[in-house]
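The chains carry the letters A, B, C and D, assigned in the order they are written, with residues numbered from 1 in each.
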Amino acid sequence: MAKLYFHYSTMNAGKSTVLLQASYNYRERGMDTYVMTAGFDDRAGTGTVASRIGISSDADTFTSGEDLFAKVEKRLLDGPVACIFIDESQFLEKDQVWQLARVVDDLNVPVMCYGLRVDFRGELFPGSAALLALADEMREVRTICHCGKKATMVVRMGPDGTALKEGAQVQIGGNETYVSLCRRHWRDAVGHQ
Amino acid sequence: MAKLYFHYSTMNAGKSTVLLQASYNYRERGMDTYVMTAGFDDRAGTGTVASRIGISSDADTFTSGEDLFAKVEKRLLDGPVACIFIDESQFLEKDQVWQLARVVDDLNVPVMCYGLRVDFRGELFPGSAALLALADEMREVRTICHCGKKATMVVRMGPDGTALKEGAQVQIGGNETYVSLCRRHWRDAVGHQ
Amino acid sequence: MAKLYFHYSTMNAGKSTVLLQASYNYRERGMDTYVMTAGFDDRAGTGTVASRIGISSDADTFTSGEDLFAKVEKRLLDGPVACIFIDESQFLEKDQVWQLARVVDDLNVPVMCYGLRVDFRGELFPGSAALLALADEMREVRTICHCGKKATMVVRMGPDGTALKEGAQVQIGGNETYVSLCRRHWRDAVGHQ
Amino acid sequence: MAKLYFHYSTMNAGKSTVLLQASYNYRERGMDTYVMTAGFDDRAGTGTVASRIGISSDADTFTSGEDLFAKVEKRLLDGPVACIFIDESQFLEKDQVWQLARVVDDLNVPVMCYGLRVDFRGELFPGSAALLALADEMREVRTICHCGKKATMVVRMGPDGTALKEGAQVQIGGNETYVSLCRRHWRDAVGHQ
């Protein structure tokens, strides 16, 4: 009985490490996995899941508007898959989350999604909202704020080292950096109430 | 170190029972709790948290537009509160969830919210979306579909016994009934893909 | 795919309430459950699961040396059971926990056990040790110490109001009372290190 | 408010990866950690935490009879520690688990233990029994059986490829291999009931 999992966290908690270890566990037992991550450019299928701790793996990519149920069905023509892993799942579209739910329910393949819960403004990502609504199991990948408390929020730091309060949810190619914080320190940093 | 908790589930899982037992545990130890539930009419402060299994408790109510940080601060003038419990928390407004987060962070009082994750159309409630974004800990209150699998969805049944597919998220005073289902049986019932 | 669950906690957390609500959820859907609790006397089959909050249910009893696999098989002759609930499961014998594991694996009926983790001396109960070794899923039923922290330990108070440090693990018919505490306050009460 | 954590699993689930990632998260934020693993020989302090996926770290070692409270106090003379990590914690002695509980309660340093739940005979390890009794939070590191279900048991395979049923709990320097299985396949492999 397959399930749809959402492993959520803030930035730099080690989500990709958890994904790569779980995929490794299947492959070590001789079972194949199908790993996907978000693709932000035109090159189809050339992605990487990489972890800050020094491990990585090739991955297929999902892109805007793609039908992931059809994509998985096509992949299954090449042979059985014991588990599907989706990195950067905050970038899934709502329809794509439903397509993955149908993979679970109708094709009986477990789908494990890893992604951010909220962006630097404290707002849910679209993919995260859909996963938080539909996931069969939700598990937190934890990390810590500089104060030692659990970090659940993230700030986007501008070039001058101060936290940005507005801007696009996704920023590609900029020179911002992200820092994970507990809610109280996030509120201090962005001046929230 | 107080936290904001979200105990989520679908209908008829026993959320109110869990809330009442947790509040009872505090009071049995001589610590006071502050219980609130959603108020849908004009009578301020006259609410009840009741469980199908046969236990209930008086409760204060929260209503649209109310500042819950101020409401808690006012309540604290009457004496200390060890824990705040919010039933029907899917009806909280986003601002109210932030106000409760500030109760946790700034007043150091734990807040335990109990509510539905999705409505009968499979959409997040506003309060649930905000709690899924901000809660420090999320815990599922489980129940089962007629097939024995975990139920995570709910259908609203019309007077003729068929599942409704559209309508207002909140329906008061109608004669609909709600049935909790697993995702696959929910999809069958509402004709979703 | 059935599982063996262990819902553990210290005294007075509301384990029986959680059990009764879960059993109620099944019965409300028209599925039968089989509820057992520990029997300490000679009267077979006359037990009660009762919660301090004011709800209760009749229950069958399990006793020392009984084969619970055979007992469940016998019960199934009277009709199907969607879930088996065991209260006071700290009193199960190790062999009985294995028998329940076989009920799960071979008869495909889920078994939900509710019990204490440690006794007043901080030692595992035999049934809890076996369940902590074998359970497929472990979930904590939480309660609080008088200091507001989570309670995980319990003291047995003698008639003079001081914590007992030695004695039988199970005391029936005495006039001791039990108080749940966090580990630090338990250590203070019993003079542990 | 520090806590004692027990991350339990069967063999080859990736416990060491989870440990190394968590320690990395602290160090990346400029906070020091203290990593220990079981030492089985006479060379003090020369250990390694290594993961099958290809990451590793030097570690101090704990050995039989050592006072871990004193060991941590000594370490703290060299500077503050934000979190203590213990690999192979199934080999802790019961007294050592209590010493770590005192580190948590009295020195306010969180301690995260990673270890096996049961040995190849299905019996709790001493360290695991003590941690399952005393841990403030228990989290499972999951892996899968060859059948795709969660593995919770482990078999020790002899040189001839059959599962061993008896023998010492700890075997050093032999040429056995370990395979993680679900309970049903473990029972088949070892001929249990």
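Everything that follows uses one rule, which is that a contact is a pair of C-beta atoms (placed from the backbone, for glycine too) under 8 Å apart; a residue touches a chain by one contact, two chains touch by 3 or more.
Since the structure is predicted, the reported quantities are computational estimates derived from the model, not experimental observations.
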| item | value |
| --- | --- |
| Steps in the shortest chain-to-chain touch route ending at chain D and beginning at chain B | 2 |
| Cα-centroid distance, chain A relative to chain D, in whole angstrom | 28 |
| Whole-Å gap separating chain A and chain C, where each centre is the average of the chain's CA atoms | 39 |
| Residues of chain B engaged with two or more neighbouring chains | 1 |
| Chain contact graph, described as a line, ring, star, complete graph or other shape | ring |
| Pairs of chains, among all present, that meet the touch criterion | A-B, A-D, B-C, C-D |
| Contact footprint of chain D on chain A as seen in their complex | 12-14, 17-18, 20-22, 24-26, 28-31, 51-55, 82, 142-146, 148 |
| List of chain C residues in touch with chain D within their complex | 1, 98, 101-102, 105-106, 117-118, 122-124, 129, 132-134, 136, 138, 140, 149-150, 152, 183-184, 187, 193 |
